[in-house]
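Each of the two complexes below includes chain A, the first together with chain B, the second together with chain C.
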Partner chain A sequence: MDSENIRSIKELPSEENMQPGTAACAGCGGLLTLRYCLKALGENIVIVNAAGCFTLLTIYPFSPFRNSWLYTAMACAPAGAQGVRDALDILIKKGKLDPEENLKVVVLAGDGSAYDMALSSTSGAIYRNLDFYYICYDNEAYGNTGFQHSGASPFGSRTGTTPPGEKVPVGSQLQKKNLFDIWNSHKPPYLATVSPAYPVDLMNKFKKAEQFKGPKLFISHIPCPPGWGFDPSQSVKLAKLSVETGLWPLKESIHGEVEHTFVPKKFKPVEDYLKKQERFSHLFKPERQEEALKSIQEMVDDYWRKNKLLP
Partner chain B sequence: MLRLRFHGRGGQGAKVASRVLGSAAFLDGYNAQDFPLYGAERRGAPITAFTRISRDDILERGLVSQPDVVVVMDETLLSDPQSTPLSGLKKGGVVFVNTPLTPLETKEEYGIEDHVITLDITKISLDMIGKPVLSSLAAAVAAKVAGIGEKALRDALEKELSGIISERELLDRNTEAAIYCYNAVVPISIETTEKFREKENVISIPFETALVSSPSILSKGNTPLRRTGNWRIFRPVWDYDACTKCMTCVARCPEGCIQLNEDGYPYTDYANCKGCLICAEECPVGAISKVRESHSQTEEEDQ
Partner chain C sequence: MAKEMLTGNAAAAWGVRLAEVDYIPAYPITPQTEIIETIAKWISDGEMDAGFVTMDSEHSMVTAAGAASATGARTFTTTSSQGLMYGFEMLFTVAGWRVPLVMVNVSRGLSAPITLGPDHNDILALRDTGFLQIHCETCQEVLDSVLMAYRLAEDDRVLLPLMVNMDGFFLSFTREAVEVPDVEKVRSFLPEYQPEHAFFRAGQPMAQGVAVLGGEFYSYFKYQMHLASQNALEVYREVSDDFERIFGRKYGTIDEYMMEDAEYVLVMTNSFSTLGKAAVKRARENGIKAGLLRPRFLRPFPEADIRNALKGKKAVAVIDQNISVGKGGIIYSEMASCLYNENSRPLMLSFIGGLGGKNISQEEFDLIFEKMIHAEDSGIVGLPHLLYTKKEWEGIKKLKEIAGRQ
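And then the complex of A and B:
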């Protein structure tokens, strides 16, 4: 991929490194993210995939990938990536692999893995300055096993393990972990948030990341039709709304210095995003939970105020 | 004992259907058992669910491999090698197929020898509920075939659906649609003999060396062979008079199955398009419309 920035979707690379026919749900926002990421990364990569929805993309004897792929348990994809990287380096050093044939090592993990189970192995890999790409597709729950609560599930959401009830009408009472800041405190050479609704931004971030050796980390906020409860056709609309409401800031960090790559001119109310999803429906019916709705909006406003992008 | 097997796609409600049927049978004075089997897949992939109904104690456990009744909630599953709904069906058994075709046409189309009942429950669901959710409708059809009373079915729907559907009005529409289906099916008597068909789906795998038998996939990008196009309920259809060749649909398709023809107009590979309709939603000029899928369409027509 040449390093010239692209300006419109017409300039997206035309090669498809991920083929259709996968077991992912119709309208999966994660699949759309992955398709763009693989356009950016090209064919010469090894994907180390932590257990989750995307380990089901490859079901023996079928694979949607044009590249190599390795399956690991949820907690250890970054450790797997270290092994693959080391093996490639040793082979090159011993003259058994042409440096031309060197492959990029890519971790692919859901939020359950990235935010919870594999946090320590990820921290270790960033700390060791492992030369790899890490893509987390964040559907805000353990999607593959029934949409249970994860460290990425937002306050006020219904998950398999936080059903709103009489005692706790709000659903999840916990705040989403800030994985961006956790990763950023390691000062990796490159770190970004992306969205499947903003493929040009996504593509250019991968282009920028290419110039760095070391960990290159990406978190994509991805709409999940069955888990979030919406019609698959609305996937891109919802991904866009999460950015336009300010809930999912698009940003990047180079050696720890954060910059926003897109700031909505006028922020839409968070409600516009919440009310389109079944997992937040209890906040609106049978009664509006004003307190909860207000605090979600305040959380968003606080973020932008702190970053001096909102008065 | 009556053994029933439901075949649906993830999201259509096969699990709930078997559950509603089990409850209805129980409320009607029978012993009942119901449970699903998921593959390692997502919404849209084949799902199987089972119900056993008996006057006596049910001592049998495990999958129903030789059903008396098969409920096919998605017609395309009949030709899906991952699903094979008819396998093990007892001679004289009953097959229900969700299709606009007549029973005779269905028998011919899929080479079914047994008693076939058909009803387009997807259409009924779209008309009466507004969404293609089939669980209560399939349960109702099965309840009629199994000889369960209408009152027991109503009570079971109330019991099982009230835990899933929070809106009263939606629950009522589900019940109404279910009762409509219940009454649309003509009761028949099931005469299964305990004689089973030859086991069609049992294959023995010879021992192979690790190089051959270990699960490493050496062929790249071969999933298009799996043809997820039969997951669709609606298909996107392009109007080239309106299309401005802006490429939005090409970019937005999660499957990456929209390509450009010689004139630079987009078209999709219907063999793999899952029918999410993001393309139609995102097209800035509304050049893509949503058309109810008819799986009797041939592949040539697709091109």
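And then the complex of A and C:
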């Protein structure tokens, strides 16, 4: 891939490395992210997948990919990537594998794996400076099991295991875990947040990451129509709203130094984003939960104020 | 070649070095750690050309090892006890990937209570994973079994991972005279691994470990594993014949000691079999026609060889160095099922002994022979017998008193 930045969506590579016809849900923001990522990565890759929604992308004897695939388990895709990367390196070094046959190693994991169960194996892989890509598709819950609370679920959201009720009207009482900062504390060569609504930003981040040897990490905030409760046609709009309200900052970090890659000129109120989703509907009816709504807005304002980027 | 005094752990490491393994992901645990330290030193000194990485857990370690094996590298890893349990999920997965990973388990009793001494509840918990299992009595056998393990696992009629087992402390830290074979001889026995079924390369994309939807598809792949494991018995005959031809040492699927005219047979595995063999010798001196059968393979289970070896015997005592809580000895059940449909079969007695490295004393062996003879005379076989000596009973009573329990 040409290392110069692209400026518009028209300049995205036309090659598709993932074919249509997967078992993913209509409007899956993760699938859209993956499609763009694969345009950036090309076909000479091996995806090491963790248990999650994307387990069902390959079902014997079908695969939507032009590239290789290894399904591991929930806690250990980064460890699988370590084995594949090390094996390719040693086989090439010993002359048992033609360097032309080399592959990029890519971990694919949902938030349940990345934020919770695989935290140890991910930390290990980053710490060991493993030369790999990591794509976390974050829909803020355990989606494949029907949308239960994960470490990525935001405060005030309804999930299967944080149902709003008389005693706990707010739903999830916990704040979303800050995976970006956890990963960034390892000072990886490259780390970024991305969004399927910003494919140009995404593509340019992969182009930039390519120059680094070591961990190249991406977290994509991905709308989930069945879990979040909205019409599949609105997926990209919701992904866009999460960025425009400031809830999902687009940023990157090089060896621990963080820069924002997109700052909305004017931040939309978070309610614009929350109102469009069934998982937040209890915050608005039967009566508005003012305190909860206020605390979500304050949390966002606080973030941007601390980063000195609030207009 | 001259013999060297090697611990079981060092013998395992030599097996790995001579097999010219490409990659070793590792994680320390007592009593296994000496294996990975030995290998790490050789790599650091340039005496062994392999990749080595310390992982963040045994779960990650087994995953990395399986994934490297799926990429086409000859891979080794090793653990013990709690570590094996921590990686347990991935043992099923790696076996399902049908990759020829070889592991060594250094047996150690499972927590709780936490302990260091050996028994086989760790390795026997693996019996349904798809891993083949070889259990060793001596340090030489450990080295030789690692070499045979790669030949067997990499055979395309098998393609299943294999676990070589040795007892912690009793074998892992005991020095014995071991012949370290010449590397050229090893190459003639174990050629370089050429993966044909599982690898990753740019020119030939491959999806591994994919999902199936539907029990009939799932069953097909599981049956394939079972049939491949059964194939291993046949393939092993070739492997052990070749091994004997090249190195002059012969290992069957079972080890038979004074079995030919034996009437009363002990069944034991791993290093405590040496105690059993001494007991057999003593029993012979006392006029009892004793023998010992030691299964080396527990997966696949060498049913035909066992049936054959026990034909015409009067009584068999299975000494399980494990306990299936609520049932008894694991190997007892396996032996019994293997003989059940025989027209004439020996009486079979069950003993639990050696848990957590507890000694099996001369008196206890005497009791076992006594009970076999009594069962043969009376036709009555009692419940599983939990071996415990009077002296041991006095010892625990003292501890309980200190703990304030009468």
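Throughout what follows, the second predicted complex is superposed on the first by the 310 of 311 C-alpha atoms of A that agree within 3 Å, B and C clash if a C-alpha of one lies under 4 Å from a C-alpha of the other, contacts with A are read in each partner's own complex, and residues count from 1 in each chain.
Quick note on the criterion: a residue touches a chain if its C-beta (ideal position, glycine included) is under 8 Å from a C-beta of that chain, and two chains touch if they have at least 3 such contacts.
Predicted, not measured: the structure shown is a model, and the values here were computed from it.
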Open item on the list: Please determine, from the superposition on chain A, whether chain B and chain C clash or fit.
Closed with: fit
- [ ] In the overlay, answer first, second, both or neither for which of chain B and chain C A:Arg128 touches.
- [x] second
TODO: Considering only touches as defined above, state whether A:Gly21 meets chain B (first), chain C (second), both or neither.
DONE: first
- [ ] Considering only touches as defined above, state whether A:Ile59 meets chain B (first), chain C (second), both or neither.
- [x] both
Open item on the list: One more residue to check, A:Ile92. First (chain B), second (chain C), both or neither?
Closed with: neither
Open item on the list: Rounding to a multiple of 10°, what is the angle at chain A's Cα centre between the Cα centres of chain B and chain C in the superposition?
Closed with: 90
- [ ] Quick one: classify A:Val46 as touching chain B (first), chain C (second), both or neither.
- [x] second
Open item on the list: In the overlaid three-chain picture, which partner chain does A:Ile182 touch, first (chain B) or second (chain C), both, or neither?
Closed with: neither
Open item on the list: With both complexes overlaid on chain A, does A:Leu309 touch chain B (first), chain C (second), both or neither?
Closed with: neither
Task: First, second, both or neither for A:Asn102, with chain B first and chain C second - done: second
TODO: Tell me which partner A:Asn67 touches in the superposition: chain B (first), chain C (second), both or neither.
DONE: both
Task: Where chain B and chain C come nearest after superposition, their Cα distance in Å - done: 5
TODO: Could you tell me which stretches of chain A are touched by chain B in one complex and by chain C in the other?
DONE: 56, 58-60, 63, 65-67, 69
Open item on the list: Looking at the complex, which residues from chain B come into contact with chain A?
Closed with: 10-11, 40-45, 166-167, 215, 217, 219-228, 231, 246-248, 251-257, 269, 272-278, 280-282
TODO: Report the residues of chain A in contact with chain C in the complex, numbered from low to high.
DONE: 43-44, 46, 48, 55-56, 58-60, 63, 65-73, 75-76, 78-84, 86-91, 94, 96-98, 100-103, 120-121, 123-124, 128
- [ ] Enumerate the contact residues on chain A facing chain B in the complex.
- [x] 9-10, 12, 16-29, 31-32, 35, 53, 56-67, 69, 144, 196, 199, 225-226, 232-237, 281-282, 285
TODO: Spell out the residues on chain C that touch chain A in their complex, using ranges where they run on.
DONE: 22-23, 25, 49-51, 53, 55-57, 59-61, 63-73, 75, 89-90, 93, 192, 200-203, 205-213, 217
